[in-house]
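Labels run A, B, C and D following the written order; every chain starts at residue 1.
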Amino acid sequence: MIIATERLSKWYGQVSGLNDVTVSVPEGITGLLGPNGAGKSTFMKLVTGQLRPSTGTVRVFGEPIWGNPAQYHKLGFCPEQDAFYDHMTGREWLEALAELHGMNADTAHAAATRALEAVDLLDAGDRKIGGYSKGMRQRVKLAQAIAHDPALLILDEPLSGMDPLMRRRTIRLIKEWARAGKTVVVSSHILHEIEAMTSNILLMHNGRIVAEGDVHQIRALIDEHPHRVWIRAQDPHAVARLLLGGDDVSSVKFAEEGVIVETAKPDAFYTRLTALAASGEAGAIEEVTSPDDNLQAVFSYLVKQ
Amino acid sequence: MPIHDQGYRHYAGDRALHGRGWWVIARHGMVAPLRERRFLALLLFAWSPFAVHAVQLYLGATLVRSAFFVATEETFHTFLSQQRLFVFFITIYVGAGLIASDRQSNALQVYLSKPITRHDYIGGKLLTLAMFLAAVTWIPAMLLLLLQILFSGSLDFVLDHPRLVPAITLAATLQVVLAAVTMLALSSLSRSRRFAAMLYAGLVIFAGLLDTVLEGVTRNTAWMLISPQNTLLFIIRAIFDGPPDNVALLGSAVAALVALLIACVLILERRVRAVDVVA
Amino acid sequence: MSATRRMLEITLGDMLWGRRAVFMAIAAGVPVLLAVVLRVALASGSATVVVNGSRLSTETMFGTAITLLYLRFIVPALGVYYGTSMIADEVEDKTITYLFVRPMRRGAIVLGKYLAYLVCVLAAVLPSAALVFFIMVPFANMGPLVDTFVRDLEQLAVGIAAYGALFVLAGVTFKRPLVGGLIFVFGWEPIASALPGYVGQLTVAHYLQAGTAGMLGLVLASAAAVLLAMRTIEHREYVLEQ
Amino acid sequence: MNEPAVVLDGVSVTYGRHEALRNVTAELPTGAIGLLGPNGAGKSTLIKALLGLLPPSSGRMRVLGYDVRESPLAIRARVGYMPESDAHMRGMTAVSFVAYCGELAGLPSSNAMQRAHEVLFYVGLGEARYRNVETYSTGMKQRIKLAQALVHDPDLLFLDEPTNGMDPKGRDEMLALVRDIATMKAITLILSSHLLPDVEFACDHVLVLNRGAVAAQGPIATLKGTSGRVFELRVKGGNASFLDAIRAEGLGCDGETTGVLRVYVPEQRPTQALFQIAAQHGVQVRHLRASVPSLEDVFARALGEPLDAARGKEV
């Protein structure tokens, strides 16, 4: 496990950022989600050693992070705030920060070039950051997180302010880093972006971990909302009549040009449905999908404000 | 229809014509400082010289006939020039953040997307500061004059000094306008209230310090022109005591102040621009 | 401490730009300008400086200029401005995060910035003072004054170090150090030196004038203040409010 | 009112040498219009020009029947603008800030205060309306910016990234508000956002800008075009032989690595064939859906991005 916390809590003043969190983050991409004030940024500040745990421990690569600067060789952090030295050019800033990793002038230069190229800012590298658009500032911020080629990337709202094309390119970039073996923790409010990157999530609310792991597994475990399947067919009533026969169907509802079935035993139900569609007994079945087997549904079911 | 729509309703009331923006800005601008206790204390403190002079007038008019207490044009002149200390503090307290805070909190976008013009904005902000400054210069001075009339029981004081009321008004207006326009221009130069305040304080104190050193060393009073504060005092003395022997210096003093005001207006014109709204 | 050296380089680049450079240029430039104006005025004989009867010699005027202008105004002002803004500015602008997630002791940030401050301010103030000296003091009687001039420079250097260190410590500890700093330098110091007894000793200015022993004490105190600032920044949590 | 809300006729705007808008001609109907384009495409320049804050170097503009050059104030009295960045006034409570904005927009002070309360309740800031705006969360700051744009009951509303920085629940509520305003309250709104799903949800018409020129404009439905015969397929228990079987049937299929298969079914073949193959291999069809082109595809096509990049979400 790359990151492991043990009964980790953090409060400052009366604000309780995190209370009693025990969680471990595997390799690959993990989506960190939760409503505002859920404790996401407190969690990230603890994992990046900017805050000291009030109780419990947080270990990155097996070692504590607070007051242990050597860890930052392997860690890249992209903060959420829009804060820069506006008078420096993108390249100067990246090189300066790279040198703080102990690189000499030319390795820093090479690292900066690689980072600028990765975020598609090579031509704007020599312009002052003060003159960058919001999307470019976001990308140069990403660049400083990967310049020293860390094994672990913590990204706080990396896509905010980017236009749709840049969003897509950045999502692809993050997935490439993950494929190249880096572990990435991405926090975002835009659920469909997280869904496009990974299905492994860490859902937080009121400073606690609500759910952890693969979205679809989590969805299957939410038993108070049985699995829902939407079927579009030429003759919805025929399909409904035939499906009702089995004991795996708990309720049936008719919706626009289709039928919505709730089932407690998805495996049994889907096998029967595939067979029915294949046989064509109830007419042609055009589309099958589960409207609430996605991150939005999991989020709203588990985070009841 | 029995169930009323609880959502958004259209506004049926009347809408005023435009052109009132500056008054709205000025009125609202005055509300904020008045809610702060420290500022009320400052205002109260700024009126203490008024109280002292009022007592002086009372004594002059009644019990003690001695010349020391009797009011003369000079009492109003000294009163106004003494008030410059409070003009300085109030200008910084109210004025430093007038535009700087708006720039820092991006409020300019909100203002200029409303049906008001840039000049409404600048005018409104100027008026906010000017009204507070008038409250510690022109208003107490005129009240003192009124007290003098009341205590002496006759209008002859005003009749003996026909030039007094216009002199007080002109001097106070100069004080208010100079401080307000300069502070507003400096406030528009930065996004931080503190920096604008330091700029204004620096301008007034440093220029004054430099002027006294140079005048002291070179005995040449022309150095006064580098300090707006001292130039203003010189002009106010001329207003009350009549033109000085060195009329050329008076001319250049007025020119210096006019130049400063023009520079400030240009700064304001350039810094408060609609085009860099909507970032 | 290569991290300190790198921080020094980054901060040097940062110091010579924008508001900070302008502030430094004014602080170093104005006295020289003043000296030139005085010299021209005196040379043209148009004005003689008469103070309580005796004609003031330019050397004594230079002495007063050093103490009044440099020691009481420029050096403390630079110390307050740069000392407090070194860390407090980065915390307020939230750019400190990028420095905190680097593999180096956080103390190196403070030390690097303090050394950069020392280098820049010394490089600005000392030559400016020297220039004022050459302008004010006529070449003929410069000889005997050289050692007092060198002592003045030492005073300036120690003053720069001391005020800088004091306000670096303040900048790391308090949230809004600038206002407090200004009040200390322009409010407390002039008043305290006038008050009787020990009160005068609660100011930096006192030790500057107290000969080499005082100055040595100040140097040690400055070093201690910087070390304390380095320790503070390592143990303190900076919660950057939204 | 069927007359278009905004008419742009050959509008060009230049900052010094940089041509921010190049001969833009467009007619925006009433209702909800999405304003799209990559960073620097000229979206904010267009809004500034329409608000009368930025004189165009050529071309004419009419907003709500007024000519922008002749009566900018009359336009701004009937237009609400919600800026993208945080915009508030230091030291003011929500109610006093919104009432102040009402007065600035021409409402008498007593009406402005009453309107402020009503609008703050509408945007969901009822309980927090006496708090100082600086203490607000990101989501609440977005709502108060909407409130100050609505207080004087505008006929046209500019929303610049209204859902920026909000959490999922806040975003849904803001989008519901935006949709309610546009559809129920007959207020035309121009929504500039980078989040295309939000635009797709709230708007029915789009104007896409690219490097200062119009790249595409029109109702979203027509721009999307018909849905091709491409199906998204997710199965449980799928294996290599199942995939070969599909390809053997002449149905193109790719995207195995990403968990969602893309199956190209020729026009005349019913989907039943897919189910039959799955049944034969004991594979459960968990998700089969015609892949409808999204607004993102329209956007990418308008900007000349290669289509497959647009189609393949996980290319």
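Simple rule for what comes next: a contact is a pair of C-beta atoms (placed from the backbone, for glycine too) under 8 Å apart; a residue touches a chain by one contact, two chains touch by 3 or more.
Predicted model only: the values in this text are computed from it and were never measured.
Student: Sort the other chains by how far their Cα centres are from that of chain A and give me the top one.
Tutor: Result for the farthest chain: B.
Student: Which pair, A-C or B-D, has more C-beta contacts?
Tutor: When the contacts at A-C and B-D are counted, B-D has more.
Student: Indicate the whole-number Å distance between the mean C-alpha point of chain B and the mean C-alpha point of chain D.
Tutor: That gives a centre separation of 48 Å.
Student: Can you compute the centre-to-centre distance for chain C and chain D, using the mean CA position of each chain? Integer Å is fine.
Tutor: Here chain C and chain D have centroids separated by 55 Å.
Student: Quick check: what residues of chain D touch more than one other chain, meaning two or more?
Tutor: Counting only residues that touch two or more other chains, chain D contributes 137-138.
Student: Work through the pairs of chains, note which ones touch, and then classify the graph as line, ring, star, complete or other.
Tutor: Drawn as a graph, the chains make one closed cycle, so a ring.
Student: If we use the touch criterion from the header, which chain pairs count as touching?
Tutor: Taking the chains two at a time, the touching pairs are A-C, A-D, B-C, B-D.
Student: Can you list the chain D residues touching chain B in their complex?
Tutor: 15, 44, 47-48, 51, 53-54, 73-77, 79, 81, 83-92, 96, 100-101, 103-108, 111, 115, 118-119, 122, 148, 150, 152-153, 160, 180-181, 184-185
Student: Under the definition above, what is the set of chain D residues touching chain A in their complex?
Tutor: Within the complex, chain D touches chain A at residues 36-40, 137-139, 164-171, 194-197, 236, 259, 270-272, 275-276, 278-280, 282-290, 296, 299-300, 303, 305, 309, 313-315.
Student: Once bound in the complex, which stretches of chain C touch chain B?
Tutor: Listed in rising order, the residues are 19, 34, 37-38, 41, 46-47, 49, 178-179.
Student: Using the touch rule from the top, collect the residues of chain B that touch chain C in their complex.
Tutor: Within the complex, chain B contacts chain C at residues 194-195, 210, 213-214, 217-220.
Student: Can you list the chain B residues touching chain D in their complex?
Tutor: Chain B residues touching chain D: 7-11, 13-18, 20-21, 24-25, 28, 31-32, 97, 101-102, 104-107, 109-117, 274-275, 277-279.
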